[in-house]
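The structure is given below, and queries will be raised subsequently.
In this document, chain identifiers A, B, C and D correspond to the written order of the chains, with residue numbering beginning at 1 in each.
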Amino acid sequence: MDFTTQNLTALFENLAARMSAERDALCALDGLIGDADHGIAMEQGMAAAALAVPNLATLQDQFNAAAKAFLNAVGASSGPLYATALMRAAKAAGPRAAMPRSETPALIAAMADGIAHRGKAEPGQKTMLDAWAPAAAAAKSGANWAEILSAAQSGADATAAMQATLGRAARLGERSLGHKDPGAVSACMIIAEFAKALG
Amino acid sequence: MDFTTQNLTALFENLAARMSAERDALCALDGLIGDADHGIAMEQGMAAAALAVPNLATLQDQFNAAAKAFLNAVGASSGPLYATALMRAAKAAGPRAAMPRSETPALIAAMADGIAHRGKAEPGQKTMLDAWAPAAAAAKSGANWAEILSAAQSGADATAAMQATLGRAARLGERSLGHKDPGAVSACMIIAEFAKALG
Amino acid sequence: MAPTQKLINDGNHAVDEMLRGVLAAHPNHLTLAAPRAVIAKHGPRAGKVALVIGGGSGHEPTFLGFVGKGLADACAVGNVFASPPPQPCVDAAMAADGGAGVLFMYGNYAGDVMNFDMAAEMLEMEGIEARTVLTTDDIASSPDRAKRRGVAGNVFIFKAAGAAADKMLPLDEVARIAAHANARTYTMGVALSACSLPQTRRLNFDLPAGEMEIGMGIHGEPGIRRGALKPANAVADEIMDAILAEMNAPAGAKVAVLVNSLGSTPLMELYILYARVAARLGAADLSVHTALVGPYCTSMEMAGASITIMHLDDELTQMLDHPCDCAMFRVG
Amino acid sequence: MAPTQKLINDGNHAVDEMLRGVLAAHPNHLTLAAPRAVIAKHGPRAGKVALVIGGGSGHEPTFLGFVGKGLADACAVGNVFASPPPQPCVDAAMAADGGAGVLFMYGNYAGDVMNFDMAAEMLEMEGIEARTVLTTDDIASSPDRAKRRGVAGNVFIFKAAGAAADKMLPLDEVARIAAHANARTYTMGVALSACSLPQTRRLNFDLPAGEMEIGMGIHGEPGIRRGALKPANAVADEIMDAILAEMNAPAGAKVAVLVNSLGSTPLMELYILYARVAARLGAADLSVHTALVGPYCTSMEMAGASITIMHLDDELTQMLDHPCDCAMFRVG
């Protein structure tokens, strides 16, 4: 069965619900090495995205609408990063009402590219890219959704041992050690929802 | 043995030490129905008075010097009240280097008069006068120092059941009930030091 | 309990060190007439009524910050939450005196009344006429206006009197306008946290989370009653209900508004309150001529806010619009 | 843990309700160009470079309060501690554009850079030239100036750029002066308590009594290190040592000083700090041309303070002295 616009609408609803449920935990994580608002940004962004996607004809339109809605609701760092990620996903999905499930891992790879591009980020800098990049690598190498998610999670776990060199936490120097990057943690949650819908 | 200028110098030293020791407790009391600074006012006032009284020729000069020093160090409500009290004590002591101990209870009566005059206060309004007035009444009726002190203490204890109608606490209405007036409590401490020196 | 977190040196010297900083920061506005007596550089002049304000410290920018051309000529500076003694009041008055008499203005507190009254007596002996107008704008503090405290309304009331003096009106007129301004000014506040004195660094009362003190003054004294912490709009409504009922202004009247922080309540919260205050005034068909939002009359680090409304008439409008130039407040 | 004590309604609407209050309180200064895009009533005009500032909310009076004739022409308003998205930046720029180009100025944070860069790209498509000067005054945040955060120094840096634009200088010159102002501005701060977001009302970090965060930014993010809470003079000395060493100004130079409250630190403490700052500047034979003391760039209810020194030259002096008239800041 193909992945349809209905399926994507449902996925964004799940993403919104998940971010809402995790809001305070993500804020607490961001409080340790950032400004304690990451959960709020992700909740607002995904809520806006979920409102924007129903009743659109193509997956591409949906992802683009989600990108725009997320960005306008949030700003912050997460806004441009996820807006760019979602616009890349739109391109990958293309102007069609459904796509074969076998092609969906390419969405993850596209999103990771968008984040790296917008954030001028590389793996190892203790950002969300440390979850997205290994997930994308797994996706590109033909891994299944469980493997993609597990790659993201290992990547996010590894951020605890990194010293941040990009984003707000970079100013903390060694004080950023020992805490996971909140953006990498929320990235795993997003990828987990993709996996649940598609795996 | 007469009560001399040396004795009065020592008494003010004791008053300063006592107020310093009780500062935080008096502030805490004032916090319940006032602005939490009564201990600070009494500490500063008595410290300044103690510095002002040595090397003066007469008890009158000493009390007047103490009055002025207390007032200038403190302001607040306590300043004018105790300055006036101490000026009345100066008058009662008179321009002499010593006074018979038997006459010293008159100092308490004079101080109480000064406070009532400056504060336009009457007993029952939940102020320091509720300690000073019964002490003065006892002093005038020929009571000994133990009795004077005990009158002051009963008066101060009774303020807990009063609703304030004068001073800062008057704005609290019924919320002033159940707490002793801080000025009445510090008054007992002062009278206790007089009693220790003179009893 | 651990001492509260303050950037001070020695609590006993906090007021004098602050004063030193104020004088250093505002050399074009303020100078010292005597210890604890601050005078405006360009305010006092011959033939002008001298407006002398004062009170305890810890309310900054009240009182110090309102000394300047067009507002107060001088200020007596007390210890934290303590009226200044008579001497600095006298020093301030003598330094500001222009031969046309002195008007003392300060909040109605027992301590301030006793000290300033002693100062007025001392000035009389010097042949200087001193009159007094107490501010009594805190409507929560007593049903009887004469017994009320003076709180944030000070800003508007001092401003009106300062303008009258700056226009070279005689003492009688300045005092009349000051009393008139006070009579038409209404304030009520709430506190969301206690504050602490520099000497003790202990919270002066205990306020559990989720509660607030209603009818709060500006000295950390408890309010009139304690209640559940409500949303900003409900708090604004409770205060505006009380003020509008007392003020009883006819539709179409003009008002001045001050939404004041008691210390640590930030501008974001004040403007949220202001939005509701403006809506309430609009609904009552009252128009806002002047709006001030910020920390104008504080209790050090206390959290909370007060709302002041001055019911304007042409005279008071003119007085509020008159220019003034103080270290911490300017109009025009 | 109990929610922090705030006078708000719904945390999700706090920024929009604040904005409503700001616009209601300052109708002569500010108006809305689009949602979350505020524009000065008397600032923008034909042939003038448009200075557009912006950033997250929660720093009031930064950024909103510095919009007005002679300073910023417009401002994009983000969520609390969150950069505004590109759209309000574009809206603010288009509304303020006078045909002479747009200068974006904001603090150097990853989020702001991404959003404003997207805005600049969008403006390019509209044929409007947009340049950017980031503020990077927080000397504690990195040894490398280009990587530093922009904090309270914003006030002086925006002021200089706003004056240059108001004098009708061309975009190149305005951008040069803005960068020059930034390069000569040095800030460092300490925090004595955390703050909390309106949505979560939880303290964003845990600071035990008796400790402080040193090298604190303005978003409640932890500082560079944590240390024992020291007396005000020792704190001022530590900051001034760092600033003076970096600034390396010759004896006789002029400076502008800002002693800024991060939120709940009251004027009393700021002036105690200022007294020491003035003494240190005097000892280094530096003279104070402008002194600001108060809450200029805050983190809501956070306790703490920062010290900013701008090393003046004739050009910057002229820019700081140039008049401006904003809702929350005035010069001249």
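For the reader, a short list of remarks on this structure follows.
As a working rule, contacts are C-beta pairs under 8 Å (C-beta built on N, C-alpha and C of every residue); 3 or more make two chains touch, one makes a residue touch a chain.
Quick caveat, the model's predicted, so the values are computed rather than measured.
Counting steps between touching chains, the shortest path from chain A to chain C takes 2. Of all chains, A has its CA centroid at the greatest distance from the CA centroid of chain C.
Spacing of chain A relative to chain B, judged by their CA centroids, is 72 angstrom.
Computed centre separation for the pair chain B/chain C is 31 angstrom, with centres defined by C-alpha atoms. Rounded to whole angstrom, the centroid-to-centroid distance between chain B and chain D, based on C-alpha atoms, equals 53 Å. The centroid of the Cα atoms in chain C and the matching centroid in chain D are 29 Å apart.
Across the assembly, chain A contributes no residue that touches 2 or more other chains. Residue positions of chain C touching 2 or more other chains: none. In terms of inter-chain touching, the protein chains here are arranged end to end in an open line. By the contact rule set out at the top, the touching chain pairs are A-D, B-C, C-D.
Of all residues in chain A, only 23-24, 27-28, 30-37, 39-41, 44, 71-81, 118-119, 166-173, 175 touch chain D in the complex they form. Touching chain B in their complex are the following residues of chain C: 12, 56, 78-87, 109-111, 114-115, 118, 141-142, 147, 149, 196-197, 199-200, 202-205, 217, 219-222, 224-225. Residues 2-10, 14-15, 17-22, 24-26, 57-58, 60-61, 65, 80, 190, 192-193, 198, 208-210, 212, 229, 231-233, 235, 263-275, 278, 291, 293-295, 298, 300-301, 303-305, 328, 330 of chain D are the ones touching chain C in the complex.
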